[in-house]
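Two complexes follow with chain A in common, the first pairing it with chain B and the second with chain C.
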Partner chain A sequence: MIGELGHFALILALVLSLVQAIVPMIGAHRNRISLMAVARPAAQGQLLFLVFAYACLTWAFITSDFSVRLAASHSHTATPLMYKITGVWGNHEGSLLLWAMTLSIWTVAVAIFSRNLPEAFMARVLGVLGWISAGFISFTLFTSNPFARLLPAVAEGRDLNPLLQDPGMIIHPPLLYMGYVGFSVAFAFAIAALLSGRMDAAWARWSRPWTTVAWVFLTAGIAVGSGWAYYELGWGGWWFWDPVENASFMPWLLGTALIHSLAVTEKRGAFRSWTIMLAIGAFSLSLLGTFLVRSGVITSVHAFAVDPARGLYILALLVLVIGISLVLFAWRAPKLAGGGSFDLVSRDSGLLANNVLLAVVTGSVLLGTLYPLFLDALNMGKISVGPPYFEATFVPLMIPVVILMVVAPFIRWKSDTIGRFGRKLAPAMIASVALGAGVAFAVGHVTWRTVLGLSLAAWVLIGSAQLLYTRLAERRGAVAAAKLRGIPAAWWGMWFAHLGIGIFIIGVTMIGSLEAQQDMRMRAGQTTQFAGYTFTFRGVVGVDGPNYEAARATLDVHRGERLITVLTPEKRHYVASQMPMTQVALHIRPLRDLYVSLGDQLEDGSWLVSLHLKPFVSWIWAGCILMGLGGIFAAADRRYRRLAERTLPAGSTSTQTS
Partner chain B sequence: MKPRSKRLMLLGSALTLLVGAVVLVLTAFQQNLVFFHTPTEVAEGKAPIERAFRIGGMVEEGSIKREADGVTVRFAITDTARAIPVAYRGSLPDLFQEGKGAVVQGKLGPDGLFQASEVLAKHDENYMPVEAQYAIDQAHKAAQTVQQ
Partner chain C sequence: MKAKFLVPLVLFLALAGFLGYGLTLNPGVVPSPLVGKPAPDFRLAKLDTPEEQFGVADMRGQVWLLNVWASWCVSCRQEHPILVELNRGGVIPVIGLNYKDERKDALGYLRDHGNPYAVTVADPDGRVGIDYGVYGTPETFLIDREGMIRYKHIGPITRDTVKNVLLPKIAELSRAG
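So, the complex of A and B:
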C-alpha cells in the first residue's frame, strides 16, 4: 500500500512539474501575472509529493518490506538502520528519486530566496527548472520505477553492497547531487536570460550566490568521495581518474570557470556570452555525469545496472538540453554583446586566460573519458585511458592556472602594466622557488615534480599572505581588527579558496613523492620495521558484526620504545551478499597517515598484511575544506542580501505608481 | 594600442594556447593509450610485446597460486577458449576470485607470462566488468563459428 502511495505521489509530482514547466513560460511570454504566479505553488506542491514519495520508499527499506523489489535487492533485515536509510540511494532507482527531490529542493529554495527578482524572469527560471524536473521524474517513472513490486515477496533481502555500508556513503551522494543539480539553477538563470534578453551585471549578481553554493556542495561531495575511496577500497589511492570521478570533476572544473566569469560579468559587465556558455556547459556536464554513471557504459563501483533503455533515455535528454540551449544561444547571444573593454594586460584578461585554460583542461578530461566509449560504440576496438594520460595533460595545463591565480588579484581591472605588479610579486616568486627546492631537499626527494609542486604551493601561500598584507596596508591608521572586519566576505572567500588550493597542492605533492608501501606475510608475534615504525602482529580473532563476520587483526605500532597506537584492520565477509570486504585501519596525524589493510590468510596460517605510509594526505582534504569554506564566505557576502533590501522598496514604489 | 590590434593580440594568444594544449593532449594520448586484448588474441600473438595493454576475462578455476614470498600471486585469465598466465605482486581487490571476472593491466614478457601492474575486479556481486564480458562473448562467438 505504502509503495503504491509513493508511486502515485511520484505521478502527481510529474503532473505538477509539467504545469510548472508550461504555464509560467506562457505567462512570461504573454506578460500575464496570473499565469506566472502558478510557478511557485507548483514547485512547492511538487516538492511535497516528491518528499512523500521518497519517504514511502525509505519506509519500505526501514520496515524491510521485501515486496518492493528495490528493498529486496538492496537491503536486509540485519542491515544497520543507518544503512537501511542510506540504502535508498545506494542503487539506480532510488538515487534517481533523490536526484529529482534534490532538484525540487533547489527549485523551492530559488522560489523562496529570489522573491525580489522581476516576476517574468522568475517565472522563466522556474519554468526551465520545471522542464528539467519533468525530464527526470518521467525518466524515473518510465524506465526505473523505484516502487516496482516483487510478488511473491522474498523472505530476506540481498543487502546493500558492503562497499556502500560506510559513513562516507551517508553524505557523499547527497552532497554530490546537491552540487550536480545545483548547476541546474545556474543553467536556468542562463536560459531565462537568453529568453528575456536580460543579461547584465544585476543578472550576474542574482546568479552568483546560487552558482557558488552549488560549487561548494560539489567540492564537498567530490572530497568526501575521494576520502571514501581512500580508506574503503583498501589500496590507499585518493584519486583514480576513473570515468565516474571524472564525471563529477568536469562540472567542477567548468563550474570553477563559471564562478570567475560571473565575477567579471558582475564587476565589469564583460564576458556575457562566455558566462552563459559556461553555465550551459557546466549543467550539460552534470547531465553527462549522470549519464556516464547511470547508463552502465563504464566499469565502476557506481555502475549499478546495465540497461540500454536507461542510457538511451538520459542520452536523449542530454542531446535535447544541449541542442535546445545551443540553438537558443546562437539565436539570442548576439544581442548580449557588449560590456567594458579591457587591455591585454588587465585583471579581465587574466581571468579570461584562466577561464580558457580551465575550459581546455575540462576538454582534455572529457576527451580522455569519452574517447574509449566512442571507439567501443563504433566497434573500433577497446582501449582504456588511464591515470598517466590525465596526469600528463592535467598537470602541465594547471600550472599556468595556479600561477595566474596568484597574480590576478594583484592586477588592476581594465588596464595595467606588467612592470607594476611584476615588481610587487618578483620577491614572492623567487622566494617560492627557493622554498620549494629547499623543502624538497630537506625531505630528501629532489625530483622536478616535487620541486615544482612545492614551489607552486609556496607561490600560492606566499602570494596569499602578500595579498592579505597589501589589502590591510591599503587603509592606514585603522586598528588591525577593524581593518580585518572591513574586508568584505566575498574577498575572504576568494582568499580562503585560493589558500585551499595551495594546501591541496602540498598534500598531492608530498603523497606523490614520499608515500611508501610494504606488502608482507605476518604470523602472530612477528615484528617488522616500516617507515621508522615497529609493527607487531598480535594475531587475528573472529568478530561478528550485525550483518557480517570478520577476521580482525591486531597490530601494535611502536616508535622506538613508545607505543603509538593499536591498529585493528578487518577482513569482513558480508553474510547476505556473500561479499568479502577489507576494512582498513588508520592512524591519522597532521603530517602523515599510517594505513594498514589485512589480506587473505595463507595455507601456513600466516596473514597477508599491507602497510602504507601516506604523508600529508590529510592536507588534501584540508585544502578541499578551505575551498568549500571560501565558497561559503563568497556566497554569504552582504551585497547579495543588500540587493534584497534595495530592490524591495523600489519594487513597491513602482507598483504604487503604476 | 588600437582596439583592432588589441583584439588580434588576444586572439593570437588564445590560438597559441589552444594549439599548445592540443599538441600536449595528442602526445599524451599517443603515449598512454592502453589497448585491450582478449586472451585468445594474446595467445595468437596479436598483442604487443613491451607495451602495456589490458586483458579481460575470468580467473581460471584452480589457477590462483601464491609464491613463497606470499605476496606474489600467479593465476590465469581465460575467455573460456584460451588462458594466459599472469603474475602480480601486491594486494588483490576484495572481489578477485576464481571463476569470477577480472581485468588485468600490464606487459607481456618474452616468456609469455603477463606481468600485471594492476588488477581490477568487479565492485558488486551481480556485476561483470564490461571488458571481461566482452572477451568471453568474443570467444563464444568464435566457438560458434567453428562449429558451423
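So, the complex of A and C:
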C-alpha cells in the first residue's frame, strides 16, 4: 500500500512538473502574470509529492518490505538502520529519485530566494527547471520504477553492497547530486537569459551565488568520494581517473571556469556569450556524467545499471536538453557582442586565459574518458585509457592555470603593464622556486616532479600571503583588525579557495614522491620495521558484526619504545551478499597517515598484511575543505543580498544590450 | 546566425552520435588473443575423484565448453541455473575449471546448487587459469573438435547469450565436423 502511494505521488509530481514546465513559459511569452504565477505553487507542490514518494521508499527499506523489489535487492533485515536509509540511494532507481528530489529542492530554493527577480525572468527560470524535472521524473517512472513490486515477496533481502556500507557513502551521493543538480540553476538562468534576451550584468549577478553554492557541493562531494575510495577500497589510492570520477570532475572544472567567467561578466560586462556557453556546458557535463554512469557505455567500477533501454532514454534526454539549448545559443548569442573592452595585459585577459585553459583541460579529460568508446565505435580496437594519459595531459595544462591563478589578482582590470605587477611578483617567483627545490632536497627526493609540485605550492602560498599583505597595506593608518573586517567576504572566498589549491598541491606532490608500502606475511607475535615504526602483529580474532563476520587483526605500533597506536584492520565477510570486504585501519596525523590493510590468511597460518605510509595525504582533503570554505564565503557575500534588493527597480528598467 | 556559434552544437551532435552508437556496443566483450588458437593443454585432478586426472586431450573430437568458476564467485551463482539448464538439454558437454577454490567449498556448492558439469577439474593455485588468461570468474570458452578455442565469454552467461551466441556457434561447429 505504502509503495503504491509513493508511486502515485511520483506520478502527481510528474504532472506538476509538466505544469511548471509549460504554463509559466507561455505566461512569460504572452506576458500574462496569472500564468507566470503558476510556477511557484507548481514547484512547491512537486517538492511535496517527491518528498512523500521518497519517504515511502525509505519506509519500505526501514521496515524491510521485501515485496518492493528495490528493497529486496538492496537491503536486509540485519542491515544497520543507517544503511537501510542510505541504501535507498545506493542503487539506480533510488538514486534517480534522489536526483529528482534534489532538483526540486533547488527549484523551490530559487523560488524562495529570488523574489526580487522580474516575474517573467523568474517564470522562465522555473519553466526550464520544470522541463529538466519532467525529463528525470519520467525517466524514473518509465524505465526505472523504484516502487516495482516483487510478488511473491522474498523472505530475506540481498543486502546493500558492502562497499556502500560506510559513513562516507552516506553523504557522498547527496553532496554530489546537490552539485550536479545545482548547475541546473545556472543553466536555467542562462537559458532564461537567452530566451528573454536579458544578458546584462544583472543576469550574471543573479546566477553567481547559485553557481558558487553548487560548486561548493560538488567540491565536497568529490572530496568525500575520493576519501571513501582511499580508505574503503583497501589499496590507498585517492584518485583513479575512473570514467565516473571523471564524470564528476569535468563539471567541476568547467564550473570553476564558469564561476570566474561570471565574475568578469558581472564586473565588466565582458565574455557574455562565453559565460552562457560555460553555464550550458557545466550542466551538460553533469547530464553526460549521469548518462555514462547509467548506460554502461563505458566500463567502470561505478556503472551499475547496464540496461540499453535506460541508456537510450537518457541519451534522448541529453540530446533534447543540450541540443535545444545549443540551438538557442547559436540563435541568440551572436547578439551578445560588446561589453567592456580590455587590453591584452589586464585582469580580464588573465581570467579569460585561465578560462580557456580550464575548458581545454575539461576537453582533454572528456577525450580520455570517451576515447575507448570512439575507437570501439570506429572499429579500431578495444583499448582502455588509464592514469598515464591523464597525468601526461592534465599536469602540464594545470601548471599555467596555477601560475596565472596567483598572478591574476595582482593585475588591474581593463589595462595594466607587465612591468608593474611583474616587479611586485618577481621576488615571490624566485623565492618559491628556491623553496620548492630546497624542500625537495631536504626530504631527499629531488625529482623534477617533486621540485615542480613543491615550487608551485610555494608559489601559491607566498603569492597568497603577498596578496593579503598588499590588500592590508592599501589602507594605511587603520587598525589591523578593522582592516581585516573591511575586506569583503567575496575576497576572502577567493583567497581561501586559491590557498586551498596550494595546500592540495602539497598533498598530491608529497604522497606521489614519498609514499611507501610493504607487503608482509605475519604471524602472531611477529614484529617488523617499516618507515621508522615497529609493527607487532598480535594475532587475529573472529568478530561478529550486525550483518557480517570479520577477522580482526591487532597490530601494536611503536616508535622507539613508545606505543603510538593500536591498529585493528579487518577482513569482513558480508553474509547476505557473500562478499568479502577489507576494512583498513588508519592512524592519521597532520604530516602522514599510517594505513594498514589485512589480506588473506595463508596456508601456514600466517596473514598477509599490507603496510602503507601516506605522507601529507590529509592535505589533499584539507585543500578541498579550504576551497569549499572559500566558495561558502564567496556565496555569502553581503553584496549579493544588497544588490539583489537594489536590482528590483534597476533591473526592471534595464534593457537588452545588443 | 554566425557560423562560429554553431560549432558547439555540431560538436555535441557528433558526440551524441558516438554515444548512441556506443549503446549498441558491449564494452564487456574483450577480444581474446586465444580465440582461434589451440586451447592450452592441462592435466588436472578431478574435483570429486582427485586420484583421477583429466585434460583437454580427453575432449578431442567433441565440441565443448570450458567454464571457469569458483564457490566464492558471486556472479557464478547468477549463471549457474543457466548452465544447469544447458546440461539438462544435453546440447553440449560443459567442463568446469574450479578456479582458486577449496575442494570442500566447491563440492558443497555443487551439492547445493546442482552440478551442471560433465567433469570438473580443480585448479587450486590458478596455474591453468593463467594459461587461459583468466582475469575474473566466470569465464567461458567454446572449444571445437580439434581443441581450438572458438569463442570466449567474460562474465556470467545469460539466457540471451546462450540463445543468440552460443547455440548458433555450437550448431555451426557441430556441422563443420
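Quick note on the criterion: the second predicted complex is superposed on the first by the 637 of 658 C-alpha atoms of A that agree within 3 Å, B and C clash if a C-alpha of one lies under 4 Å from a C-alpha of the other, contacts with A are read in each partner's own complex, and residues count from 1 in each chain.
Everything below uses one rule, namely that a residue touches a chain if its C-beta (ideal position, glycine included) is under 8 Å from a C-beta of that chain, and two chains touch if they have at least 3 such contacts.
Bear in mind that the values here come from a model prediction, so they are computed numbers and not experimental data.
In the three-chain model built by superposing on chain A, chain B clashes with chain C.
When the two complexes are overlaid on their common chain A, residue A:Asn355 makes contact with neither chain B nor chain C. After overlaying the two complexes on the shared chain, residue contacts for A:Met520 are found with chain B alone; chain C is out of touch.
Residue contacts after overlaying the shared chain place A:Ser597 against chain B, while chain C stays out of touching range. In the superposition on chain A, A:Ala333 contacts chain C only, with no contact to chain B. Judged by the touch definition given at the top, the superposed model places A:Thr58 against neither chain B nor chain C. Of the two partner chains, neither chain B nor chain C is touched by A:Ser286. In the superposition on chain A, A:Gln578 makes contact with both chain B and chain C. Shared-chain residue A:Ser226: touches no atom of chain B or chain C.
After overlaying the two complexes on the shared chain, residue contacts for A:Thr509 are found with neither chain B nor chain C. A simple residue count on chain A separates chain B from chain C, and the partner touching more is B.
Across the two superposed structures, the residue set of chain A contacted by chain B and also by chain C is 297-299, 382, 577-580.
Of all the residues in chain A, the ones that touch chain B in their complex are 161, 163, 233-235, 297-301, 303-304, 306, 341, 343-344, 349, 353, 356-357, 360, 363-364, 367-368, 371, 381-386, 388-389, 392-393, 396-397, 519-521, 577-582, 597, 599, 602, 606, 608, 610. Interface residues of chain A, counted against chain C in their complex, comprise 273, 277, 280-281, 284, 291, 295-299, 308, 311-312, 315, 318-319, 322-323, 326-327, 329-331, 333-334, 370, 372-374, 376-377, 382, 577-580. On the chain B side of its complex with chain A, the touching residues are 1, 3, 6, 9-10, 13-14, 17-18, 21, 24-25, 27-29, 31-36, 54, 66, 69-71, 89-95, 103, 105, 120, 122-125, 127, 129-131, 134. Note for the complex: chain C touches chain A at residues 1-2, 5-6, 8-9, 12-13, 15-16, 18-25, 27-28, 30-31, 72, 74, 77.
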